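Chain naming follows the written order as A, B, C and D, and within any one chain the residues start at number 1.
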């Protein structure tokens, strides 16, 4: 059985269920208390769990993440929030070098069951430092898991897995999906970290699309279907761990690959995937690997120009049509 | 004899009105959907912004806060250019790229800009002051920020460097008691932000931010000390945020009557008007006259700005680099 | 009646000797090429490290500095395990991964570890203290760091959080006057690091770091205040670095006689020995006996450690994650 | 005419020449003054240019980079140093969001002529937070240039170009190359940013190798030559701007590509190159694109284990031989 709820509500459910279940789970972040978060993600939790478990912090991102690590090392299962995913840069040392490497460099005697929530994506005029999708910065971050939920079901299931994980997880919901409605299973469930989701089956080409781009990819697949091209659409659900096998398997059948993400193409999440496919599945490829993403520029503040930067459904379509030209 | 801050009160009044009336017109544009709602109203903080910015000399540097546009307006960015920026028109300082919150720079006016990550400008102020020293000029850098932003580690690193190098920086904290929904007391361990000054080897001063005269005097003194090699100062101006953090903020975290009381008792424009009237430095007609004149100025600027031009798509690719190195 | 710090002086003496003698043996391993030279000698700082660590209760947390190994040794990590770690043997706490500088953690002893980026542990101390509160325990977190590291912004953010949340943290700065080649005065604007305490709403205390009794008393008081809900304390211990920043450091930046004078006048082990002799709390024979016994202990530990085992290649792939999520 | 000098000396020459020439050039960083830097890179400069132009800073990396930006905006041409390249994470916000985006987001009215020097690489037991090669973190950093000199000549020529550039440049010398001797042209010269260097010509395969790996790639090419395989070896000299044309052109002749870098393969500098080649030059490829780099783990502190992590010449050789199997 299932219900239809919003992405944001799904996130709140995951948080509430885990806090209810485990008293060592607590949250901290900027404006997550009475205000319920600037995107409403924690609304109601302060009233329900109180000030001691839903903690408003100072504007101190290195402290927020670092204290998360410290609490995780000492018997808690903290959830910390960076108000915008762009601020991973502010706490980069704490994420990349502290949370991710602590266990390894101290000989595996401690765990770091930390969840870092950081809403990402462009949502209409918040500018170059409040609109980024920074997941690709963590491709090289051994020790960390990184997930990007595209649906309410995944938002809830991945977040619950993140909180239960004994390793640090960077959970990057997309701000633009906050109000997205979707089916969510009844009762407790988990979506495993690092397992891709084949959202649509198809035999002519594979589209791997992250987060908000998944929905544009599905629309593109609809249009392609009308032209007789059957696209398989895969949501990788993040980047670490990455389900390369699922993509290789798909490409082995389709021979064509489009990678679609909101971050710039240059240095975006797609490059590592393209590189792996170019090594592991080159012989299956019947056409160049195409990447769809933003141009190699910052996101302008002006909504008018921002719209020209965030990749659109049409660009996925064009990339797909280009490499499927001989099929139609 | 040097003009003292006392004599400038009518100028301060006019300058504060300009900030407030410009903003009022901007909020109308927000309401009409011409401009995005990510605007952080400066209503209530005109006293700090006007008093401080008018303490600078033309050659000085300004790194402003995100609260309203009193800083840039008072420093002399034309009102129509300010509107144009928010409208995303090419006539604005960011030539159509910016819009919404503010990344307005004006090298001619020494306005260096603002970071999207609050607390991103502290170190830039250190750099500007260091640069002045390297180049042998007498420039001073004024860096303004909110009390919430004072808890960023970047402040610590920058303040210590400015202190130990005795750099010409004036740190000015606009303490309005709120950082979005977080109250000063619940997020800041210091009794006063100015108490942190001793840890950076500089004077720490608290001033009434609703009194532009007091702010101007304090900042002027700090600016002159900095200019004369006396090093940095940390000033904390106690002020009030009369609207939400941004437009549309329901402010459930704030007691209902707090804002009403503040509006009644701590509006810097009303306060200065009362003083001017009481001390008979102006009649109500004079004040009304000023307001009407500024309102007209604002209106005319808005009209000009609204006739501006949106950029074409090629704009998004410009200005990333100063030089093209495409191989 | 509670034992006071005064009565513990012979214990302190022995503990300091243990740190110094262990290090002396380690430096021999460095010279013999068995261990890398990236070791930051703790010679001269045993007074702070012993005095502070012995102020903790078993349940407390320790985030130590990078200067020497007095912290871990005094907290009870076995001497052979310490050597093993430097030798890169699997018997060491990092099981062969660490070696050189120190990432020794011991959950049983509450030793949480150390970051390679100095100043990386401040926030962790906040987290550990917050965690104690969440779990309803009376644990205290002691966080130690150098005066140079006190200029990192991470300190500001962590100290403010600890202050405003009244967390059970004790911040202990080992001020040895140098951060590699950078002198305290030329890089730090504060007259004293402890002057920063007021900016974080906590007491700031200066103590003679060469006197373990004084350190122990100050830290004990702070630990008890923290444990009883009185919040954090910032303690600055004035100490001395008797060797280079790391082994092989030519120290051209330091006046030639500074180290000689410090060795003569500020060696905490010599100072305490003198007091013990003067106050007739020990004879020279007693002290020599302690030293000989500890030296033997160290030697035996070194022998055991040298017989240890280097890891095999598979070790590099272990411990990255607690759980395997390979799809 | 040319001379043979050390890599470190070449860096010092570049710094001295530029400081001599332009009084707005100054340096700041930790221990760069009397001590001459922990790697000796600034030795002698303090005596020559004085305390005001060779400034020892507090341990304050966000200030170091941020003040560099501020000075660059106001008429100076600062050179700032991060003592170890790993500390880009500490100042990530200042590099990624401040230095790189300032010009764009303020409408192009200002320049940021800033050089950030950050020595990278593993050099024997300095551990997971002092051994990294972080260049790939900046693949997505529009607004920044990133260079990785492999020889004394490039160290000098690239650094001089960096200092003269009106845009921010992240200059990443390799700590392990400090004592490397090499020919350097007499007189003033520049190596342009973003121009690859074809160090060895060959027709059977292309090896693109960054920084310290270049020398291992050249050794591998020697061994390959003995077996009749002629490798073309390209030093890309950095990642932004990247000379994709040079690599595409080479691969169009060789049909085979090995990418070699010290950073982990996963999320390393090679992935973006592989992705671009898999799009632009797929039809030339006769074999999978191979990447050689460290495994997906932090660098262990132990020298003994570190040696098992840093990629060796033999791994380049093995990768090359694998894709050239049918040639021999």
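Operating definition for what follows: a contact is a pair of C-beta atoms (placed from the backbone, for glycine too) under 8 Å apart; a residue touches a chain by one contact, two chains touch by 3 or more.
What you see is a predicted model; the values in this text were computed from it and never measured.
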| request: Please flag the chain sitting at the greatest distance from subunit B, going by CA centroids. | output: C
| said: Of the pairs A-B and A-C, which shows more C-beta pairs in contact? | reply: A-C
| message | What's the distance between the Cα centroids of subunit A and subunit B, rounded to whole Å? | response | 36
| note | Cα centroid separation, subunit B vs subunit D, in Å, comes to 40
| note | Averaging C-alpha coordinates per chain, one finds the centres of subunit B and subunit C separated by a number of Å equal to 45
| request: Indicate the residues of subunit C shared as contacts by at least two other chains. | output: 94, 96-98, 103, 115-117, 120, 151-154, 156-157, 160-161, 164, 186-188, 320
| request: Find every residue in subunit A that makes contact with two or more other chains and list them. | output: 57-58, 60-63, 86-87, 89-90, 93, 97, 104-105, 127-129, 142-143, 296-298, 300-301
| What does subunit C use to touch subunit A in their complex? | 61, 92-98, 103-107, 112-113, 115-117, 120, 122-135, 139, 141, 153-154, 156-158, 160-161, 164, 318-323, 325-327
| message | Looking at the complex, which residues from subunit D come into contact with subunit C? | response | 30-31, 33-35, 38, 56-63, 86-87, 89-90, 124-130, 295-298, 300-305, 308-309
| request: Please name which positions on subunit B make contact with subunit A in the complex. | output: 36, 38, 88, 94, 96-101, 103, 115-120, 148-149, 151-153, 179-182, 186-188, 252-253, 310-311, 313, 315-317, 320
| query | Contact residues on subunit A for subunit C in the complex? | reply | 23-24, 26, 28, 52-53, 57-58, 60-76, 78, 93-94, 97-98, 102-113, 142-143, 145, 165-167, 192-196, 241-246
| said: If we count contacts the way the header does, which residues on subunit A are in touch with subunit D in the complex? | reply: 86-87, 89-90, 92-93, 96-97, 100-101, 104-105, 127-129, 136-143, 263-264, 266-268, 270-275, 277-280, 282-283, 285, 287-291, 296-298, 300-301
